[in-house]
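The following pair of complexes shares a single chain, chain A, combined with chain B in the former and chain C in the latter.
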Partner chain A sequence: MDKSTIVCRCEEINVDEIEGAIRMGASTFDDIKRLTRCGMGPCQSKICMNLVRELIANNLGVSISEIPPPRMRMPLKITRLGILAGKTSSSNVVSVFDEASLEAGER
Partner chain B sequence: MKTDVLIIGGGPAGLNAAIETASRGIKTIIIEESYALGGQLKQQTQFFNNLPKQFDRQRGIHLMRTLIDRLSPLPVTCLLKHKMIGVYKDGRIGIANDTETFPIDAKKVIVTTGAAEETDLFPGWTLPGVMTVGAAQILINRERVLPGKNALIVGLNSFSAEVTKQLKACGINILGVIDKNVSVNDKKLVDGLEDKKIRVMVNTVIERATGAGEVEKVTINNDGKKEDLDIDLICIGKGLSPILEPLEILDCEFGFQAKLGGLVPKYYSTLGTSNPSVYVAGNAAGITCLGGILVTAEIAALNALKALGVLNDNEAKISSSFLWDELRSMESEESIETFIARVAHIKEFHEECELPLPASFHAILEGC
Partner chain C sequence: MTDQYDIVIIGCGVIGSSIAYHLSEYKQKRILVIDKGFPLSGTSGSTQAWVWVHNKVPKWYGELSMYSAELYPFLERKIGDVEYKRTGGIAPFFAQTDRDKALRLVEEQAEVGIKVEVLTRDQVLEKEPALSPKIAGATYSDMDGNVNPFRLVELYIKAAKRNEVEFSFYNPVIEMVMEKDHYKIYTKNKKDAITTERVILAGGPWSKEIGELLGLDIPIKQVRGQVIITEPLAPFLKHTIGGMRQAENGEVLIGFSKEEVGYDRRTTMDVIQETAQMAINYIPSLAKANIVRSFSGVRVIPEDGFPILGKIPDKKNAYIAAMHSGVTLSPLVGTLMAELVMEGETSICLERYSLKRFMNYA
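Moving on to the complex of A and B:
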């Protein structure tokens, strides 16, 4: 396999970078994540999880069943901070307009 | 918000579980991430013959209608465009929609999150025009958009074969269905495709896909023999794996069962997990057929009802042995290996917890 093949498409991490991390001692998805940012993009490792587990298993010569999944963190899905904090409305577009009107002196 | 039963995911398993709990008058809430109930049934236009006896043979999209119609007169709250984002310290489930985050206090949670499609690693797999078979099916049946004109399908299984036929029926030229395995166990699948003049190649992998801005060419390797194909669509049908995030955040333990799709939550014969208030059903409890999805939902709902004191032991016992028989018949129709792996998975967890299997389960074990 071409070593420049992308594995984590969110963070654009390729096979070479993941195998490099494994050579540095990474043996779990979380190790790879900390070393390369693999799995830290918008999909939160939903797409690359098993691709990476398979690469680790193949490189270390163990079964994929021995490679644990990454640790899940809350929030489980993409959530606006304003919604988490309890704000009733939180649209980026509105806030941009708000700032523009503030600058124009419409206080 | 308070409820007796909270169901995470409004696909076939979630809907069928809700029908069971709500028809007993139990307060039930379904959380569904998308804009409508039905899950992946929304684009399943194919017929399903192998369904539990309360359902006629019908298309997936019709089954979705049937389930929603049976559910609508019942005391169920369906929260669409709501997602589970976590768990509060006191065990309440954290739900978010477009405007707010709030807790739901549920006595029992049934996780019916379904499964996600696996992708395949080859140079060029991130190019536009490369997608899963499920994505291609959404495009043709739901969005009414042709995903391409000349397609290569990677991975042969009953779902990819079905979608391949649907793509061909839409006028897409199928250049071949390839599979890395040397032989395909299911000869009927191969015959079904070859009858439609679709080329099936085993022992074949993708070397690379290339194109400027989108996929235009693919090189396949058939046992050392390379071939270039001009295509604008590659559909990956590598199979499914259970969606586990909510179970993980609910502190459920996992085990590995290759035949159930890899990592699967550990569960008892009740489909209860290591978290006493959490049950699991459908593809989230191990990849199965639609019949298996519907029956596991009934088993989980039944045991949640029993735990809530709605059903007495005897009622639960009779229904449970009936449902396990039905599950065996559903799963053996498609692949008995799924049922054997499921039973082994349950047995392992019972042994680990030193909890004897119910007497009715011994007959099932002997049958395997």
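Moving on to the complex of A and C:
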């Protein structure tokens, strides 16, 4: 693999930068993340997670199963701040009960 | 082969790595820094990293913070770009009755040369148009700012390495024995003891466990803080706001929470939701911003809130540095601790910060 190959698309981190962190002693995804920003972007490491684990495993000569995955945190998928704050502006959720109308000719 | 050092520092967070770097500037001692994990995996890697001065009280604590903040530009010349920005800091308040408290803060801080202003609503909105018009006012100082904590710790370590400091990561200390003129330190990864003339405890929230290895009761609390992060937004916040800041890449970091839950670093929905509400109270337009992630960190807070710095009483050649606001204080604490170890005295008196204040002497 070319050293300039992008591993983390969100933050544009390449193989060389990741291997640099490994040379400094990083041995987990999260170690590398904090040094390089790899995995800190919008996808939150969904794309680069296993690519990075593979690089660590190869560089340290261990099996990929020994490299822990990154720590996942809320909200897992990008979420509006207003929604987290409890702002409920949606009016698309309706009552099934209200849907039924007993008055003839209404529907 | 025996591992012999002049100085061993336990803990490689922002404080341990700063002390290591500042000691290494003397280029006289063989220094080792040991950490149970990897740098930035603990407190120093889970912070908004404000360099915050203006409402640190009493004034002598504010003064310590001020001198440290003033060292940042020079530090950057020495170790490289840590993205320090002296943005000025705004601490908003929502009730007119808070104005009296704000005015008292101005008087207190003026005595040590910290210039704090009390802003009216209009002055706040002029500085930061995105802030809510419900804000009644704010305290403000141009001394506050922020820094990139990842770059800061990394560059302390790299600069120390250039001065031949050695580092040992993923290597918890399991036993310490005080001998006549040296310490024997046993770690997980080495069969033989590391011997050192001096030892410096810089374990942050883990200082309690490290202190116990020397038979000490280090009076600190662990306090969890949770933070949420937005997607990168166009620059709209110029200042560090008490509670949030916008990073260089456009992300906004938001959060100011305190929970005593030991070493539990989970993020919890209740605090995340309250944090989101706080964000909207401060900046209504943030309701439309997307949240990418939350994180949480375990902070260290000494029992009385103030740094514990200096020699450990009754333990020869042993030192401790444990405090909240380590990012703000690291340039000065590194400088002073290095002075203390190398010269036996410090340019700013550390007497009131001694561990001694917690000990009962007969």
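Note that the second predicted complex is superposed on the first by the 88 of 107 C-alpha atoms of A that agree within 3 Å, B and C clash if a C-alpha of one lies under 4 Å from a C-alpha of the other, contacts with A are read in each partner's own complex, and residues count from 1 in each chain.
Note that in this section a residue touches a chain if its C-beta (ideal position, glycine included) is under 8 Å from a C-beta of that chain, and two chains touch if they have at least 3 such contacts.
Quantities reported herein were computed from a predicted structural model and do not represent experimental measurements.
Q: After the overlay on chain A, what do you see for chain B versus chain C, clash or fit?
A: fit
Q: On the A-aligned overlay, A:Leu84 touches which partner chain: chain B = first, chain C = second, or both, or neither?
A: A:Leu84 contacts both chain B and chain C.
Q: Scan A:Ser4 for contacts with chain B and chain C and give back first, second, both or neither.
A: After superposition on chain A, A:Ser4 lies in contact with chain B alone.
Q: Output check: A:Pro69 vs chain B and chain C. Expected answer is one of first, second, both, neither. What do you get?
A: A:Pro69: touches chain B, not chain C.
Q: Just chain B (first), just chain C (second), both, or neither: which does A:Ala57 touch?
A: Touch status of A:Ala57: no partner.
Q: Which partner chains sit in contact with A:Asp31 here, chain B, chain C, both or neither? Use first/second/both/neither.
A: second
Q: Between chain B (first) and chain C (second), which does A:Lys46 come into contact with in this model arrangement: first, second, both, or neither?
A: In the superposition, A:Lys46 touches chain B alone.
Q: Once both structures are overlaid on their shared chain, how near does any Cα of chain B get to a Cα of chain C? Whole angstrom is fine.
A: Superposed model gives a least chain B-chain C C-alpha distance of 5 Å.
Q: Which chain A residues lie in the overlap of the chain B contact set and the chain C contact set?
A: 74-75, 79, 84, 86
Q: Which chain B residues qualify as touching chain A in the complex?
A: 33, 83-87, 94, 96-101, 116, 118-119, 121-126, 208, 241, 244-246, 248-249, 254, 256, 258, 262-263
Q: Note which residues of chain A are touching chain B in the complex, please.
A: 1-2, 4-7, 9, 15, 46-47, 50-51, 54-55, 64-65, 69, 72, 74-77, 79, 83-84, 86, 88-89
Q: Within their complex, state which residues of chain C touch chain A.
A: So the residues of chain C in touch with chain A come to 38-41, 45, 150, 154, 167, 169-170, 228, 230-231, 267, 269, 272-273, 276-277, 279-280, 286-295.
Q: So in the complex, the part of chain A that touches chain C is made up of which residues?
A: Going through chain A, the ones touching chain C are 25-28, 30-31, 34-35, 37, 40-42, 44, 73-75, 78-82, 84-87.
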